[in-house]
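In what comes next, chain A is part of two complexes: it sits with chain B in the first one and with chain C in the second one.
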Partner chain A sequence: MIKAKHQPQEAAVKFTMLLAGVVLLLMMVFGFIMRAAQGGMIEIDQALFYQIMTAHGAGMVGTAGLTGISILWYFTGRYVPLLAGVFWTFLGLFLTGVVLILGSIFIGGYAGAWTFLFPLPAMSGGFWSNEAAATFLLGYIFIGVAFLLLHLEIARKLIAAYGSIGGALAWPLAFGNGRAENAPPPTVVAAMASTLFNVMGIVVGATVLVSSLVNLMIPDFAVNALLAKNMIFFFGHVFINASIYMAVIAVYEILPEYLGKPWKTTRPFAIAWTMVFLFVLAVYPHHLLQDVAMPAWALIMGQVVSYLSGIPLLAVTAFSLLVYLRQSRVMYWDLASALLVLGVAGWSIGSAPAIIDGMIAVNKVMHNTQWVPGHFHIYLLLGEVAITFGFMAWLVKDPREKGLNILDLAGFAVYLLGGVGFTLMFLISGALSVPRRWAVHVPEWFLQDRLATGFALLVILGALLFVVSYAQGLRKKRTR
Partner chain B sequence: MKPPSYLVAILVVGFCFALRIPLEADPVSHILVQLPLLAWSGVLITPNGTGRRSEWNRGGVATLLVAFFTIIFWMLPRSIDAVLSSPTMELAKFITLPFGVGAPLAIGWARAHPLLRGIIKAEVVSMLGVLAFLYIHAPVRICNAYLVSDQHRLGYGFLFLALGLSVFWIAPLFIVHTKRAVMPTKTPATA
Partner chain C sequence: MQMTVLAIALFLMALIAYFFIAAIWASGAGQTMKNAERTRSRFILVLLAVGAVVTIVSLKSWPHSVAVTGPSTTVNVTGLQWAWDIDTEEVPIGHPIIFNTHAADVTHGFGVTDPDGRLLVQTQVMPGYVNQVKYTFDRPGTYKVICLEYCGAAHHDMISEFKVVAQSGAEQ
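Right after this comes the complex of A and B.
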């Protein structure tokens, strides 16, 4: 076995995580404003509400992708030498995209939601211009190109080091007579699988973005609306799922330091990641269960794969984590380990309401209710974002200190309480058929809205403590 | 015995010239058969190692740019129309595709960084996809010389070519070459 001698690009990733932390906070404030407005606690212009909603959606999905791929880049850099210039180019393109998106929303007035569903960008009813919509779409294209560039560098290095895509996915172990000790580490398997499906998602997304751009400029170039919706949701589903799958690499790499034993690539692990690769691509029709024009087989596939898609990876990640935690005699808790374990728990729990909504019979009545933001806020707020904050805490961790100090404990408790309460309010509202994406709520819905606003404040407070502690940690680490 | 590559190049150009009328009668064979063949003839006449040490072409960027700008010119429907009505443009096509696309592409590709090669491949596939969309959905006739139904067929041709190239480039990457693999393991944590 050859020992790799590569160093991850620490400075670039640390800087990116600081940016991401600040953006996450800002987006959380946007979420807080929306819930407060829905609860009648503040009054904001309805057009502004939808602009904030668009910025919140695009910003959160983009930041989840940014943090996920930064985690992937950091840890993959332990096994293969990655070109530093590619990451900086990625960040430059990403930030250019962000500027275009924010400009299109807050200067151009674009408010067609992060899903840019055709033909909404071109049919604003006078609220925004075609140029504003085009700028928004261009911003997405910049971000897509940035991700493709990074994935290309990761893929070519992994393929060179492990012989092929199959080699990096541990196929000799999964489907052949390969031995576990010769298999690539879990990070490599996860990085290869995530790269594969994210590239496919982004390519499809780029195609529909360019088509929508052409349609904006020359409306006679009509796009088939159902095809466009399929492509958008394929892209959106894959991209947001990829962000979680990429972030979970932090669990495979960091928690073994606490558990005292390495996270190994086993046969079930390798098979699970290959299944995830297929399921992530096949499950997206569960977003289109209300589109009666969809072929029945596609909708049935969406429902059936929904049942299956959560199982393999959760089984090998959540179950393995429980086993590792139970067996470990040296495990200790600090902010990083607590948030990483919370991330796996949030991700696992969040998949339950997702699977429920993935059933055709349920989806008929629940899809346009707050049940849906309920489920995705669980596995983002308590899953991906928790892992992100855990990774940030680990990056600046002082090895001389073990355990949770009072500030960490307070931040964690407040974030957990706020996160659970906030997402529960969404689920309860959804179960009561409160619609999602409505700027104005009737007084009968105010109770959950107001409680959710309070919980959102707690989440922001917790996140603020994490980000401030990270910034202080960066400063301390530099002086150490 | 393998024929010299310049002989194959002459045969390819000769084939394109002799059959230019039937090839150019249909946009699918004109754009997707004749033009690539002419460019390929340029690849064939480029000796291995040409310009490998030249400073002006570091990373193959200069020659790749020549190739891209020439391709952009021939992507314009107006250029294709002109070929069919002007012998001068026809001659320009037979000269610029081998010497302005094929040869510089071969020289540049040999020196291009693997990452740049990957980007170019991705760009080719995505551009073919965009062209497919434009040609299938265009509300107007794009080329004066060809019918709307022809341009639809060309659009599908672009689409199938994009899919074919994707499979051609990606499928080999799935085959496990255990001997090539280095299999690095873990380094100690650095944070």
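Right after this comes the complex of A and C.
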């Protein structure tokens, strides 16, 4: 094992993960309500549906970011001393942002979706006020500043410890004569790359958020809608991808305890992370494939990089995990290891429908159908969120116990079954041209909606078992 | 096309799942895998080769092309919260229709579905831009225009219709 030099900030991260677990459950309930409403099983006001949709989107993306960076913070804290005060400031700013966002939605009626596509926040058609929209955008800015603070602390410490950005990214090994034994651990490489692209994404996001805020106050200050969309999707894509790339650090750090061998920084690994850094920044036009005013080269880049992005994931992270699993003589399964492996599997499997949708010709008949939530729910629900629950299970795991108890097994089984069924219903609906983000569905679409509602219930049940088990584990006050 | 896409996606997803399940099944057995790095390199080369072929085949003809050589019909469409304003009720079958799409307020998504509800074509409709999309209808019937970009609280109500008919005047 790679020896930890420092003690991670366990209490702060454990507290944050408890908050995140509860919020994830709440957001899943929101998802359940939306699918039930689309299936005609319950009746809710359409304005409320879109408010719930906005809260679900912003809440899930925000919580994925929160859990991803908490995992990164925890494990990076093994290699460099991070200031605890920065994390608490981050959490304070983050929660302030959450309060502003929830207030803007459920008090102010804001329902402009998590993507705040310009100029929708300022043109609600009478459903929400400019003040509500401004409060929502301000909430995002608080959260953005919170992330920026944490990333700057991480970058500062990594650069100091490893000499430069390139040093922390293992460039001497990737592109020079550096030796693997002198390379930084995988956590450091992943933390440095994620920090770099997330900072860039957040800065661009802050720019378009402030521009939208000014537009709300001074309508004559118009932003070019296509430029704003580019900036929003650059920010949004980078942020949600960063959450997954940060969360995978839990796989690098925890699974070696089960596999009996360390996850090493090899040359393919180091090259892959530099490629990931470039791909995450360059791929965002695949969200704009139906914006025909975009330059053709940008759309082609979106399609090509979308495909290339799958290579580091499949050929490096997933491939290495599969090899390690086969080579291991001591691998055993408990809730943590099962969820972490599920997370990599879900992420990898979800990349297939995502990459196919990244082709311009396919996107022409799949974009903004339920195919889209289909693929991103696979690599979030069965990817990032599975890794998050795996990390939580590991945080409170009793080292004397090896194996899945009946409750863990039940939780894992219903979560997996529910997740697979729930996401398949989205994909099938997408193939049947059911649009995404519609409050009202026609009866022809009810079958998948209703089945998805049932599967969502299973997901919630599984997640509830994970969170309750985690809370019980916290009460036992085990220290690592 | 959609069902083919679904079938390919499900096949690839099942294939990836199979490799995970097989490795999970074999975990703990301590297999010796001397050629793992060579296999990885070959896997990357195969992925790159497949990617190159797919890219060339899928982009050989530009999917957003609105170029026409023969007769065509132009239809102007404006999206506004929450309706479509279409300057015709009928379009002819068998030759290209160019839809010029405009947005009067926020960004919308212009999507056309056939009488069976299958999505045929779409484009984003953005304030400040005229986005063009081309489609040639091959059977008569009532087609729907739906909104495929979330545009506010009555987004799902943005549905309109036009007819594809056998006889209609075409313009060059």
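Note that in this section the second predicted complex is superposed on the first by the 472 of 480 C-alpha atoms of A that agree within 3 Å, B and C clash if a C-alpha of one lies under 4 Å from a C-alpha of the other, contacts with A are read in each partner's own complex, and residues count from 1 in each chain.
Quick note on the criterion: a residue touches a chain if its C-beta (ideal position, glycine included) is under 8 Å from a C-beta of that chain, and two chains touch if they have at least 3 such contacts.
These figures come from a predicted structure and were not determined experimentally.
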If chain A is used to align the two complexes, do chain B and chain C fit next to each other or clash? fit
In the overlaid three-chain picture, which partner chain does A:M41 touch, first (chain B) or second (chain C), both, or neither? neither
Tell me which partner A:W394 touches in the superposition: chain B (first), chain C (second), both or neither. first
Scan A:L314 for contacts with chain B and chain C and give back first, second, both or neither. second
One more residue to check, A:V203. First (chain B), second (chain C), both or neither? first
With the two structures laid over each other on chain A, which partner does A:I165 touch: chain B (first), chain C (second), both, or neither? first
Which partner reaches more residues of chain A, chain B or chain C? C
Upon superposition of the two complexes, what minimum C-alpha distance (Å) separates chain B from chain C? 16
Residues of chain A that touch chain C when the two form their complex: 46-47, 50, 111-113, 115, 117-120, 123-125, 127, 224-226, 229, 268, 288, 290-293, 296, 299-300, 303-304, 307-308, 310-311, 314-316, 318-319, 321-323, 325-332, 341, 344-345, 348-349, 352-353, 356, 359-362, 364-369, 427-428, 430-433, 435, 437-440, 444
Across the complex, what residues on chain B touch chain A? 114-115, 118-119, 122, 125-126, 129-130, 133-134, 137-140, 173-187, 189-191
Looking at the complex, which residues from chain C come into contact with chain A? 1-3, 5-6, 8-10, 12-13, 16-17, 19-20, 23-24, 26-33, 36-37, 40, 43-44, 47-48, 51, 54-55, 58-59, 62-64, 81-82, 105-107, 109, 111, 113, 117-124, 126-129, 131-133, 146-157
Which bits of chain A are touching chain B when the two form their complex? 1-8, 10, 78-80, 83, 86, 148-149, 152-153, 155-156, 159-167, 171-172, 176, 182, 184-185, 203, 206-207, 210-211, 214, 218, 220-223, 253-254, 257, 262, 394-397
